[in-house]
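Listed after this line are the structures, all set down as structure tokens.
Note that subunit A is present in both complexes that follow, paired respectively with subunit B and with subunit C.
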Partner chain A sequence: MTDTTAVPAASVDRARLARWAQDYGVYAAVAALVLFNIAFTDNFLQTATLRTQLVQVAPVVIAALGMAMVIGSEGVDLSVGSVMALAAAVLPLYIGYGFWPAVLVALLVGALVGVVNGTLVAVVGLQPIVATLALLVGGRGLALVFADGQLKGITNPTLLELGTGELLGVPYTVLIAGVLALVIGFVVRGTVYGRQLVAVGGNRAASALAGLPVKRVLIGTYALCAVLAALAGVLATARLGASDPSAIGNLMELSAITAVVVGGTPLSGGSIRVLGTVAGALLMQLVRAMLINHDLPDSSAQMIQAAIILAAVYIARERRTR
Partner chain B sequence: MSQILTTPAAPAHPAPVERELRRERLAGLAQRHGAPAVLVLAVLVASVLFPAFPTAENANGIAIQSSFLAIVALGMTFVIITGGIDLSVGSVFALGGVLAAYASQWGPVPALLLPLAVCGAIGLLQGLLIAKTGMAPFIVTLAGLLGARGLLLAVTDEGSTTYLVPKDSAFLEFGQGTFLGIGYPVYLAVLLFVLGAVLLQRTRYGQAVFAVGGSPDAAALMGLPVARIRVLTYLLSGLLAGFAGVLNASRLSSGVTILGVGMELDAIAAVVIGGTLLVGGAGSISGTLCGVLLLGVIQNVINQIGTLNSSYQSVVSGLFLILVVVVQTFLGRRRRRPR
Partner chain C sequence: MTEPVLDVRGVSKRFPGVLALDDVSLTVAPGEVHALVGENGAGKSTLIKILTGVYRPDAGQVHYLGQPVGFGRPLDAQAAGISTIYQEVNLVPLMSVARNLFLGREPRGRFGLIDTARMNREAGEVLARFGITVDPRLPLHSLGLGAQQMVALARAVAVDAKVVIMDEPTSSLEPREVETLFRVVRELSGRGIAIIYVSHRLDELYQLCDRVTVLRDGRRVHTGELAQLDRLSLISLMLGRDVADVRRHGLTGFSAHDAGDVEPILRVRDLTVRHQLHGVSFDVRPGEVTGLGGLLGSGRSETAKAVVGALGADGGTVDMAGRRLKRRTPAGAIRAGMAMLPEDRKAEGIIPGLSVRENIVLAALPRLSRFGVVSRARQDRVVETFMKRLRIKAASPEQKVSELSGGNQQKVLLARWLCLNPRLLLLDEPTRGIDVGAKAEVQALIDELAAEGLAVVLISSDLEELVEGADRIVVLRAGAVVGELSGDDVTEDNIMAALAQEAAHD
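Presenting the complex of A and B:
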């Protein structure tokens, strides 16, 4: 074979490989990690280990689902961690009225923050990074003000049951995260709102010209993201058995963005990969667990996470030009 | 750079156009000089309300406190004017401090050079990734945030070792020395800001920074080395964040490992409050200085009130950020309308 024919053939293969890596890379990586762990990590296949992994990843998955929708709208929500803290701070204030009122108020606070975020982005026209940055800074401060800067124990049995209980051997938190992933997957693919969201993320000006309710879609998306974050905050609080607004959700925005990006959702909007996001969150959790199990220190874990983020974005980068 | 937008139009319809122009100019003035005006106002109000505020001692305290953030925000200003963002500065700041304290056992020169070399390398790497591969600055520097923090943990035995600067080290002079009652970090910050303003306004590189931020494609068509400008800008940001960390380590006589978490957000807030547009292409060094001082004054006032805990500071900072950006957006929209 001469060089002239070999070069195009190789480049076609490379393009196909890149395409394949973009579409299925994250699943392949998760599968590879699971196989590696089965082979080399002691006790990996025991239910206790698997359960711990899933329980730990559940809040990240929930927050990342909302983040995936916001990123699909060509935005980003930096305030998810602070919303988690706000929800956690509100819970003990209203738990006296019972389980449901307290959870509803916490979710409502989340929705409120989301509407503020969405309004700043859609109506005022701020860049998503700045609008949600303000709530990232202010939200946690507000949460600490609500909680008086203190850690408060949770005694409500229903709330504690939510954090530690299980149904048919599956912890409630994992169950909720799984159901939400299915629901969001359906919302994105099968509803008018979902199609509108993808259209707005793909080209906001064209969507407006096509008569889509751009502002309403954006505000709804940020509100949904914040409600999911608030739910993640409630679940994290329930699992911890205490409301700790100074620690809950710290750097969650980074974990959520990482899960979304590693899952193959492009930062440029117009496409949302729900299953990929779940796989992205699982991947990062498995990497971390594997490193800890093999006694690699936290420092290496963070640097490896950084490398994975860069690799994922590098692979996904060509998608944008298409 | 932003003056371009207000150049007089053809005098075909003198009266209404002129009024419109005057209004636009006023809006532009408010956008560019809003931060100093608010700063003066905040200082005046604080001076009236709190007798302990307008003292030389307190002012000195604010200046020292602000000087570290100021140096970090200076680099951030350049990055944001190019249309990018640098989320890694908080981690790089902490890393610089730890490396400085670690290297101070060999004397002041290594204590300065080692952190600058490492932090500069991190900035350079981020710049290369952003400029050469076209990855989003947001995500590259996010990875930088994690990576630099990981490196810091690796250097400090997972954060359990706090390196102390030897008590008799000349390195301590950097952060703790004073001249005419004012600490060296303040002089260094002022000096860096003057140099930064000259670099941005009076050099070819500075003008290219504006051009790249305004429109990378147009800048490339004009023959500007867009990639090189970007790389240099992230290098500068990494160096400045590292240097601020060095100064802070010298002031604290140790490499505190938990510093700098969330500092990138303060720096971005200061830059944005100072009137630099996050979309790039416009901004000023003096505005950033005002933004940093404004955050410092807010913190100081909340400390003065005493009954408020420090959580209120972030609430007020967050509110301030929204307020400033919303006002800026409305003013900017008014000025850009004839687009």
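Presenting the complex of A and C:
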């Protein structure tokens, strides 16, 4: 069926171009935007500007890394924003015990939500979009209950340092996002779990017949995604200096999905592009920053973001028709 | 004979690469129950799809009620009076029985609103005529599958169908439901409605049908009174084997093995799966190829799947190398030393987006890694060995498996299982859809593996392959073992004879 018959030269070029766009398009776009900003945006190359961009994008990158894995499993996790809010809400409750216990509890709450998500998908057999929608709605409600619906200031110095401090000139949050990208990249490419995840996403029936622990892989993936989201919530809280469960992580699920899709990971599963996801998050961040810097209204920024998403999906579509 | 209600004249249909129907004719008279039979790929579904307006024929004509017709859409065929009932009921499960019966032609009351009371009353009357006593207000999905099928039938009749096509209607029914269905079918036929009945269950055909048309490889090979055709002849027509002249040898790459009285490595007892298997028992010995024979739908694949735990069994035991398998799962079966090559390569075999290498090592991944980190060097050794041994033709191990030919994909899957060093190999249609060269290679490999002492279970629709390949054949029919052949008894004649036996009254 995959006979390579003679194809007109023009369509070969077109196919090659489409393939190139799929593989490297997002990096090229990021590079182009950086060059454009260097040329036309005042003060872009100043460390303060770059820092702000990176600090702002770090939570999105962290959440998107988990999302990329879930999408690679042929699923989606709509609850990441709510998990961020939950993590933010439990932080002040346990910060009295110290920095580490509080963060640990926040991550644990995330893991718990992830296990519930994963169980609903893998064991109960709900569609991922429905299973995680329940926690998208319920998670934030629960967070508001925990927090009594109030914004609470953070006074723990370690937590505040996490949000504002830096190591060798790199903010902690950015550092953490970078390290996590490397770790997830390795997990996906080099571990048994990562390869099994990609196989399950590519063909679940075949994976089950090959004796792969399909349920365990799926539950683990949703748990990992939620832990990463909880971490993003902790970092966002630390940076804000306050726990604000009604605002933290709002629409994060969409930002994360956008980063993953723009980064070239197909929604049909079976492939995970970690570096592409990071680049996708950067791209969306740069676009918004650029438009704001050039005094375009937020509404037009949103429309341009929409155009980029459509372009990314269009490019990905070529992949399957090949 | 009366004027035929449906007259198919010399219809052909070509798909890229295959001639699915080649000059097929079929006439059905009012009130006739006409059996349409044939094995996989015979062209039955293509013919049905032409009759129902899903496909247009490339050549030939369909005459309906004496007029040439060309239905553009399934809806047109339905409106004209050709109804189809599939094995999967295609109604709206969440709507009430009455709504389903009257879907699209609901009785209207004042202001054009649906007159629910009248609809429910009329639905009750219609159903009662078919001997179904259910509350028409219940949602359809709350009914048993058989009752749902009856509703589908009632709907077909209520829309004034003149021809009803039934595609494997009994495959998920209980025996009692089958009885009711047959009664309804007979009543419909008594009212002059023509029925085209597709089924693999010979018993049903002989109970129900007047005439039969046999398709094979897209051609009509026989049409006639069913009563004048004995079972053996019918089967030999379907399979394309001459009853008298079956023995031919040396066409496949198999040779005989003598396992003698070796202890069986696999003992299957009373394996039962609801609607599919009814107490299947057999043994498999190391160094021997055990064939599972039977027509389509006889439960061959289901047996293999239930053995390895890919299909949940309701009863029965599986003993592997003297140890009983408790909670049966594919992973547990692999640990016990079993490997199953599934029938559907695309849906259940390859992971299309991954490379040849990753597809081969998929099941062995935990064994080829340390502390959960995969070892590329160990993978490469295994992959190289098996690509060489099975002569897998790929540009490199990193080529995507979806870009390979069917035969090479099949070899990749075989490699996936062989690199686990299994003691029992279950092969479901290992040579289907692959080219002749690869086919001979795969057959020779099966032979070689058995000679090395592996126990092999071979499932094949190709009688020749089965007879030449298997040392022993367990013949299945309708989910039960109806015979076992070994030694010189392994012949196409004997398989067909076993298949043709009258079913015990159940």
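We adopt the following convention: the second predicted complex is superposed on the first by the 313 of 322 C-alpha atoms of A that agree within 3 Å, B and C clash if a C-alpha of one lies under 4 Å from a C-alpha of the other, contacts with A are read in each partner's own complex, and residues count from 1 in each chain.
What we mean here is this: a residue touches a chain if its C-beta (ideal position, glycine included) is under 8 Å from a C-beta of that chain, and two chains touch if they have at least 3 such contacts.
Because the structure is predicted, anything quoted here is derived from the model rather than measured.
Contact with subunit C, but none with subunit B, is seen for A:V198 once the two complexes are overlaid on the shared chain.
Of the two partner chains placed around the shared chain by superposition, subunit B is the only one that A:L254 touches, whereas subunit C remains out of contact.
After overlaying the two complexes on the shared chain, residue contacts for A:G138 are found with subunit B alone; subunit C is out of touch. Within the superposed three-chain arrangement, the count of touched residues of subunit A is higher for B, of the candidates subunit B and subunit C. In the superposition on chain A, no contact is made by A:G178 with either subunit B or subunit C.
Contacts of A:G190 after superposition on the shared chain: subunit C is touched, whereas subunit B is not. Applying the stated contact rule after C-alpha superposition, one finds that A:M303 touches subunit B and leaves subunit C untouched. On subunit A, the surface touched by subunit B in one complex and the surface touched by subunit C in the other have no residue in common.
For subunit C in complex with subunit A, the touching residues are 308, 310, 329-331, 333-335, 340, 342, 347-354, 358, 362-363, 365-366, 369, 372-374, 402-406, 416. Contact residues on subunit A toward subunit B in their complex (touch as defined above): 76, 120, 124-127, 129-131, 133-142, 144-145, 148-149, 254, 257-258, 261, 267, 297-303, 305-307, 309-310, 313-314, 317.
The touching residues of subunit A, when paired with subunit C in their complex, are 1-2, 190-193, 195-196, 198-199, 202-203, 205-213, 270-271. For subunit B in complex with subunit A, the touching residues are 85, 129, 133-136, 138-140, 142-147, 149-154, 158-159, 262, 265, 268-269, 272, 278-279, 309, 311-319, 321-322, 325-326, 329-330, 333.
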